[in-house]
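Both complexes below contain chain A, partnered by chain B and then by chain C.
Let's look at the complex of A and B:
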């Protein structure tokens, strides 16, 4: 940004609605643009992991600091902590966690679902576009498979992707059984539409809040099932048995500030993404709880992670006003023909290019002084909604009610004023490595949803996230439920932390920070930097 | 010369299951000497001051003399005890996997000294690698001339076999091991008769720990004086210390017998993990009196540790730092004993179970003053009420934890 960039007030005063604008720059050299401006490609944001199963791998430095941090608890913290036994412990109350809990409970397992905030506080509810499933007569799972792998730059795990696309139609059927609604035609057939980068109409949807509708039905289903739901109960550490397998978790009960040890035959991590780590100080579209806890917990236990250098930055996150920074503006707005303009009113990129290219082009404009900055330190470029309205009168009201609602909250009318947007940290492409049943490399530990990795490779297409959480959530739930007949653990402890601390000490790693972070930095008021409040039951 | 890994863990000894490699270093030298003069072995072991390194510290030569004194025309048994199952002890598996020939040669020398013709390597079935390594090594000996030579010297047919134990902790107790070898559940027997008179199938039986036997060939090869000089102070030989818990570098360290606890922790263990304060050390595994920071200077040999009302045991040293709850640990250990009780003696069967229940209740915040009182009563009532020493061990750790850390128990029930 710097002194060269244009102030918000100035840019707004200069802005004119125009029906035609030439594209001034084509960005033919995609690689050069990405490597210069995309955060994933910049060498200074990456580091090499020093401890744990992924030692030697490249990783984003903030993620690395988090997964190589000291643990929050000591053995003494567990003195006096009550013990609860169950078959399946699901950690996370989003779509993946609910699907896993439901299937496990129906299979007859005793299930506890522990969630950091409330059941349904998740990124699932923010999914607007829809869910992919090859149900259209002109579509096949093979095409879905090809599209998914191609979008992931070939990095996706082929067997995982194959299984997910084959699960697609049944996932939709299952969701309907759970009570979810989809938009249908006059005959009651499901409507589908095409997502960017795909070869068929494959996205099933409900209005522009598919994820919210999905979460509504799943939440009700979980509430009506035999699964116990613990809200305000973040997991601070996993526990191991005598063989080093996962054997449960230590849960912090936020309501009475006490720890509870849950001993389980299997643990399913469904903790979601890392948006609230605010990598490279990017705003995020993620919800309050997306702090990457699952990565930290699984890594300590010895689970292998993958693709930790790959994140998705959605090009159009709202940048102003401050309190709404990071809020996602759906890709549909650009698909409909909305332009992106820099501070000089110039179109600098083809808006329909892949997300990573568009995001990098926006960052380039800002870096080279053609961006727009506000008084509170935000920056960005214009999303030319008045131009869209001029060319297609009535389109905003008809197709983008949620955008208009966002404008209302922001005090900006998208009909007459452009919106300041900036790339927003949207999705974690990688995560904990899993197999077809959602099992990690640590026996007894499963991982599903955004916290897991391997399906999307290095880039995700719209609609696959919702499919993934249900497909793998159900499989993990069913597989975990089968483990209920296994013999109980002989000895359950947090001994793996000694190994972690030894490795950290020997590698000379700083041990001031503690993980998992649980809450975003912005939520840390006064001096309670490490949530001492959580440790109140520790004996002095 | 470094004091670490001088004998049993020396690289010359750790050649794996490869008889050629063993013979090319120091292998079979001790056995050759023993074959030349079998009568000299026991006096040499006596002079060397070798003791039972499995935990008893009983002078080895005495046991041997009892067995040797039995009439020679009958079968005599040697059980090489590798049932190792106690929390914090992990030395036998290293000896068996990395130096199996050292153990076999020691057993052969022992057999020669006592007139033993049936040797059984009795190994914890969970240690599959130890068993396969020993099976390979025994087969290699069978193919060589050595067993024949031993057989000729004994004048009886020699039988050597590797046998997985039942996997019960109690199967490591001498008389329980005998039951196990006979094919029964490992119920400990009452003594007398002592195994030296009537053990496996009523025959004289010698039971030695793997570490004790491993030392034998070295003593015969290098002489008693050499062995005595290895120890510090009055102590003789070396000891494998299994260091675990909150230290930077846990592991098995072979050091001169009598090495001070502080040296073991700070010099070899790399000090306390994250520089935390030492809180307690469970010595010799979980069945002994706990050592506290004031005992850091104690030389780790049988006499000196006994002088602090504890016991060296197997040489396991579980180090606990501030930040670890004692009640939780003790609950865990007593629970281990409760699960390990063979169930023969009601005081042990019910007592350990009840104590474990009380401890778990206290540790998980559900205990009361009455529970604590009941625990104290158990500590007074139970010791000595069992046929073997398991119950005593369980109560010892409980009693000493209550002596040193009563405040933690009280805090737990006053919550």
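Let's look at the complex of A and C:
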């Protein structure tokens, strides 16, 4: 934030609501704008991985530090740890983990679902937009397939995408069978709406609460299934068998500060994304638990990752007031015609361009001194909601009750005052490489949902995340359940950590950082006196 | 200039005296003062229901249950994090309810305490989403599940109504039951069924998906 930028108070005093505003700059050269200002394109944010299966690949600097970090535990920590056996261990209690656990339990496998916080604490519950499935008569799975690959700039895995789009309608049926409601017309047919960058109305939804409705149905279904649920139980390490296959996990119990070794025929990682790593110091729209734990655990075990240089920054995160920073303002507000204005009251980008372009344009305004800064360190540009209301009286109340609710919490009335917004870290496009069953390159280890990669290539369209978690969650659950008849492991250990530590030493990597991160820095988890179990093992 | 130029307020959170800017939520104030906090923290957007806090304000006698990520600190405020309650003791599987004509009877078998509702209004009063919880329970008790469920659209399953209910009715789970059976027994979208049939018969497929491997 340059000292040139305009103060919040000054910008607010200068602000006038107007019915017409010309667009100053068109940003015709999209590539130049992106490469100069989008965080993914900034050379200083990337580094080359030195150890592990992706050695030599480009990766975001903070993600690299995390997946090349030392482990939290060693052999000595397992000395007193109790041992539990199961068929399928699911790690993560969001939509993907619940779908996997439900399907595996119904198939007859013994299932343990371990989650870091409570069952349902996840990004799933926060999803507003909806879930894609080609159901509309003017739509086909082929069009869904083409849209998904095009949005991902051609980097998506074609067979994974083909399978997911063909799963779409059956995923909706399955969700209804779990007790989830969708918005329907007077005849009971599913309503669909269009996502940016798609060729048909394909997003099924339940008001602006699709994720909440999905998560509370799935949570209730899991609670009433045979799957065992372990809450406040973050996984700190995976375990290997004599062949180097995944054989279970070491779980830390936050309630009594103890470790448990869960020996499993199959492990399904469903740990979600990385928003709370705050890449490049960006605020995030993500859940408190989104710290990329699955990436770290899988990578250490030798699983290949992909597209770790690609993240989605949603253009309109609330930047002020401080206690709501990062909160998402839905894309629908811009679709309805709301302008973005810099500190001088000028429009600077076509607001309906793709997310990455709009986000880069906002960052450019801030970098060049036309942004707005607050006295507690935030910066951003205006989302001109009063202008929208002036041109369409009544629209805010009618279409955006959730935004007005946000305004109430912020102490700002969007009818009369613009909102300060700044791009917010929203989604991890890549992740652990998987096949059609959600299997990683390590036998016995599955990965589903945001933690996995391959579906979205380098960019995701709205509604495909909720489809992916259920499509692959169910497939991984079913496939993992079949492995219950395999013979047990001969020897289960954390021997892979010796290899990790050797490689880190040879490559002169710092050993101070421990992973997985488990909780955001702000929560000071590793200093938490209530949770001595983990702190004791920090070799400071 | 950062937060230090702002006026600070004095609050007590979990027994710890804290000074913090009034722009912070209860959770943020705790972090701001250097205290760790992991338990009870969730989405930080008011939709997950994790961060339930008991709040007493300086000018109020009563105690309220609110969400710690949504409540801003005020001078003289006392706040205390609530332990999350154990899961409800009510168990049912939608697939075990074979006959939807039997639903009303099944409901009372699964939630027998509903008949004991004292109409004390504690559930409704505590709801951070202003849901008419008590009315929802009454409607479900009469078998009016669609109507009951529609009242619980914004329910975040924070379980505050469950904690507040002396009869252990678990009103939010009643509401969710009403919503789930409505979808499970009555949602049969013809456009979805038609598309499933087109896929099953092989009428719709994906072409050219192996070329890029």
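By definition in this document, the second predicted complex is superposed on the first by the 525 of 540 C-alpha atoms of A that agree within 3 Å, B and C clash if a C-alpha of one lies under 4 Å from a C-alpha of the other, contacts with A are read in each partner's own complex, and residues count from 1 in each chain.
The rule we apply is simple: a contact is a pair of C-beta atoms (placed from the backbone, for glycine too) under 8 Å apart; a residue touches a chain by one contact, two chains touch by 3 or more.
All figures in this text were calculated on a predicted structure; none of them were measured in a lab.
When the shared chain is aligned, chain B comes close enough to touch A:80, but chain C does not. Of the two partner chains, chain C is the only one that A:165 touches; chain B does not reach it. When the two complexes are superposed, the chain touching more residues of chain A, out of chain B and chain C, is C. By the touch criterion defined above, A:397 reaches neither chain B nor chain C. By the document's definition of touching, of the two partners only chain B reaches A:511; chain C does not. Using the contact criterion defined above for the overlaid structures, shared-chain residue A:187 touches chain C, although it does not reach chain B.
Of the two partner chains, neither chain B nor chain C is touched by A:408.
Looking at the shared chain after the overlay, A:30 reaches neither chain B nor chain C. Of the two partner chains placed by the overlay, only chain C lies in contact with A:224; chain B stays clear of it.
Listing the residues of chain A that touch chain B in their complex gives 74-76, 78-83, 261, 490-491, 493, 498, 501-502, 505-506, 511, 539. Residue ranges on chain B touching chain A, taken from their complex, read 245-246, 248-249, 273-274, 322-325, 327-328, 332, 336, 339, 360, 363-366, 408, 411-412, 415.
Interface residues of chain C, counted against chain A in their complex, comprise 1-3, 5-6, 21, 23-25, 28, 31, 34-39, 41-48, 50, 69-70, 72, 84, 87, 91-94, 149, 153-157, 173, 176, 179-184, 187-192, 195-196, 199, 204-207, 209-213. The touching residues of chain A, counted against chain C in their complex, run 117-118, 120-121, 125-126, 134-137, 140-142, 145, 154, 157-159, 161-162, 165-166, 169-170, 172-173, 176-182, 184, 187-190, 207, 209, 212, 216-217, 219-221, 223-225, 232, 254, 287-289, 321-323, 327, 375-377, 409, 519, 522-525, 527-531.
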